[in-house]
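Order of writing sets the chain letters: A, B, C and D. Residues in each chain are counted from 1.
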Amino acid sequence: MAEELSFGTAIGTSDATHISLLGQDLAADLMGKVGFGELAFWLVAQRRPTPAETRVFETVLVALADHGFTPTAIAARLTYLSAPESIQGALAAGLLGGGSRFLGVTEDCGRFLALTLASAELPTTDAGFDELARVAVTEARAAKRFVPGLGHPVHKEQDPRTPVLIGIAREEGLEGPHLRLFQAIGRVHPEILGRTLPLNGAGVAGAALADLGLPVDLLRGFALLARAAGLLGHLAEEQRNPIGMDVYTTVDRHARYEPRS
Amino acid sequence: MAEELSFGTAIGTSDATHISLLGQDLAADLMGKVGFGELAFWLVAQRRPTPAETRVFETVLVALADHGFTPTAIAARLTYLSAPESIQGALAAGLLGGGSRFLGVTEDCGRFLALTLASAELPTTDAGFDELARVAVTEARAAKRFVPGLGHPVHKEQDPRTPVLIGIAREEGLEGPHLRLFQAIGRVHPEILGRTLPLNGAGVAGAALADLGLPVDLLRGFALLARAAGLLGHLAEEQRNPIGMDVYTTVDRHARYEPRS
Amino acid sequence: MAEELSFGTAIGTSDATHISLLGQDLAADLMGKVGFGELAFWLVAQRRPTPAETRVFETVLVALADHGFTPTAIAARLTYLSAPESIQGALAAGLLGGGSRFLGVTEDCGRFLALTLASAELPTTDAGFDELARVAVTEARAAKRFVPGLGHPVHKEQDPRTPVLIGIAREEGLEGPHLRLFQAIGRVHPEILGRTLPLNGAGVAGAALADLGLPVDLLRGFALLARAAGLLGHLAEEQRNPIGMDVYTTVDRHARYEPRS
Amino acid sequence: MAEELSFGTAIGTSDATHISLLGQDLAADLMGKVGFGELAFWLVAQRRPTPAETRVFETVLVALADHGFTPTAIAARLTYLSAPESIQGALAAGLLGGGSRFLGVTEDCGRFLALTLASAELPTTDAGFDELARVAVTEARAAKRFVPGLGHPVHKEQDPRTPVLIGIAREEGLEGPHLRLFQAIGRVHPEILGRTLPLNGAGVAGAALADLGLPVDLLRGFALLARAAGLLGHLAEEQRNPIGMDVYTTVDRHARYEPRS
């Protein structure tokens, strides 16, 4: 039966002599000329980032790449212990922990800021942003919801990544409405919530990515890309200096049978 | 019961006011100063790459980031269609296809070259590398095994990535024994195999990564990191211009029930 | 430093001579005496199901095990094509598609019914269930939300699984409030929604599992267990009579480069 | 362009009024009449198992379903902690640990026995099996390879599952050449290896599955199906009585920064 199939893509094609990617010749135009972070941005946004945008973007990725023995890193190492023949399995298992609880801040914060900005006229002054921030924080409080990006379990006074990321965005002329609104939230929330919380660096990352025009629905994807590098570091270390077996035997050794009554 | 647990890591630690990564202060020394590709290399090799090494490394990642509608990209898109609430699931599903059949060349080639180099004295001239290459190709042929990295299903004459990657490694002074041996294999194999095959770009990538001193057992990990960026590009496109449903319905529509006799 | 670690579990323990599972001796009490479906129920609910409960439970699993070339089955096959050395990767990739879009009905329906039942006094008559159903459907409509479990993309008049599953639950004395409420929804919704939709068999499965006392937050898990069996069937078939390469080449062959304007 | 696509499957089809599975009407012939274990066997082997075969098959699944706090169970729990919105992610992460190190015995043993049987004429007496076993064990020893299925890290004298599984296979008339050869290996290896090792229950499972005619290349798949049930049990327990956070904080708390010299 006649069939007219078509699967459209703007990413790339290849034939016997050429590989094109994003409308460029991969070999002639991209390799050795475009950085990996730059390409990742380009692949998602479907436009080439400026050097300023690339700098902020790579700063975000570096900020999110690793957080030590996170549940994701431990899961990746345990999987590598059990299935060393499949690096892709260990990496995938680690990334599967990149969900709402520990990796959600970047996306949740970006989305919260985006929705807030979409709900009103765009402020032009800090005072305007403060006003919008007051509304948003007050509404969240009334709905008994946390403001995503406020607070950090360890960095209780200041997340060291926060001022650096904001500073670099500012240097590069990319401190946009999401970052400004998030800083406004930082200013106004104590009077509403009754306590002062730091701006979570991963939340600032979400604001920065949104100000780069990257889609809110993919912010978690960038955190995952960053984390993939960190996980490869953990897997390399697991090859050299493993802890997976120790984690397993520690849990197993201290297992206590507690039947349900 | 007294318990002395210790899980050693050289990657990083954090406390209330500082995050250290690879012995550096993340916020003060790395963010905005170190690129993402540079950090990925550093995380795995546990040493900071030189600018020359970073350039070759990022060229490899760019070369491997995407290949259009690969089985991995299709699987990622199908998973995103089915579970759009979990970007991490779609990314993981795509990466799980990064196995031996389509993503194995980089690692297999790097390992083949490394084992060959380990089996003899290190050649110093092209003629010496040619000799070692002849031995390796002849042995593979006798054992009825393919030489990893020779040949490409599409680029039957030349893989466009190959001369560019070799050229950049040479420019940066990082054309080491793996790359030299692989080029020697390119020169000598026709007389042994009876036909001329191109050097696969993904195989050259493996040789280049090995010449950067990166561990052979993690070469596939770098291909996966590169591919993660490509997969995010596909997922972004799936959000904007989906093909997942079309793929699914195309297969489903043409399903033919063929009972086993 | 002294450390008192304890990881409690009610599932099982083992020592050199015995393996206990769920408070039983695995070898002496379970193997050959307890079926796999029965054990799966027991592992999750932490109580042994009656024969009647086991029959309904296994009926649900059989009903949900396979749906032909679903996105999950295709993704599993593509992953197996790419990484045949890792059955666990192919199975995992398939299961990762078990998300909201195609595998959500069982859980969503079970949850909807449970929440509705929790919001009112438990009806005792069909008329009482009809009344509660009217309220639930009306509220969903007002909130512009679909009633989970109503409708099926293929079985537009009746899902063949529905009457059978309800019948077996009834036979076994396990037609509880969730199933009764779901049938009431089937009766009353036409007058409210203005059209008649079939009860989705996977939704009935959710109601049946909830009537077995299984936790609503794990209903998707049972659909995944069932689907794991179906996916193994697909992987076995992919080994014998592969379609993965055909799917891949079909998509690749019909890829059309459509740059963004 | 005219296109003749066809994706053959022997698993099933469905239309508006019927769902067929394995050549049967799912609703009329399978639901409530065929057990889940029976269906799983049928889906893979593409033939309906006899009651005797079903009993042995389900015994194997029950024997392999859970082993307490294995690396896979811990990884699944950590992933559920991090991404509780995705049961499929937590289950997939757990299954990804089902690789060579801890879940390989079933498949490796089944394959070893199958290859050994294929290399010689089929013995008919215990003495004949002993002879074949001697050859196999001696060859493995000479090649410095372990005999898969011999030995267990915990059950150093006897794996309690072993005599039960063999006994049930014998009861059901399904003690075939793989099981006979494995028992012969149990008898003869002490004189060759110089020590006595128990027959690993998971290895016996592989032999039993092979004697059921199930494909060697899918033996790991059955172990994974069994383990999926165990993992659901762990995830249910994690919902009620979590340990994931404790595992994570235990590792994190005892992390020690050990820079590479």
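In this section, a contact is a pair of C-beta atoms (placed from the backbone, for glycine too) under 8 Å apart; a residue touches a chain by one contact, two chains touch by 3 or more.
Just so you know, these numbers come straight off a predicted model, no measurement behind them.
Comparing chain pairs A-B and A-D, the larger number of C-beta contacts belongs to A-B. Distances between chain centres, each the mean of the C-alpha atoms, put C farthest from subunit B. Counting the residue numbers that touch the partner chain, subunit A and subunit C have more than half of them in common. Rounded to whole angstrom, the centroid-to-centroid distance between subunit A and subunit D, based on C-alpha atoms, equals 38 Å. Note on chain placement: the centre of subunit A and the centre of subunit C lie 32 Å apart, centres being C-alpha means. Put simply, the C-alpha centre of subunit A and that of subunit B have 23 angstrom between them.
Along subunit D, residues 5, 7-10, 12-13, 46, 68-69, 83, 85-86, 88-89, 92-93, 96-99, 103, 241, 243, 247, 250-251, 255, 258 each make contact with two or more other chains. Those residues of subunit C that touch subunit B in the shared complex are 1-5, 68-72, 74-75, 78-79, 81-86, 89-90, 92-93, 96-103, 241, 243-244, 247-248, 250-252, 255, 258.
Of all residues in subunit C, those touching subunit D in their complex are 5, 7-19, 21, 25-28, 30-32, 34-37, 39-40, 43-46, 55, 58-59, 61-63, 65-69, 86-89, 91-93, 95-99, 103, 154-158, 160-161, 163-165, 168, 215, 217-218, 220-222, 224-226, 228-230, 232-237, 239, 241, 243, 246-247, 250.
Residues of subunit A that touch subunit C in their complex: 5-10, 12-13, 20, 23, 46, 83, 85-86, 88-89, 92, 96, 250-251, 254-260.
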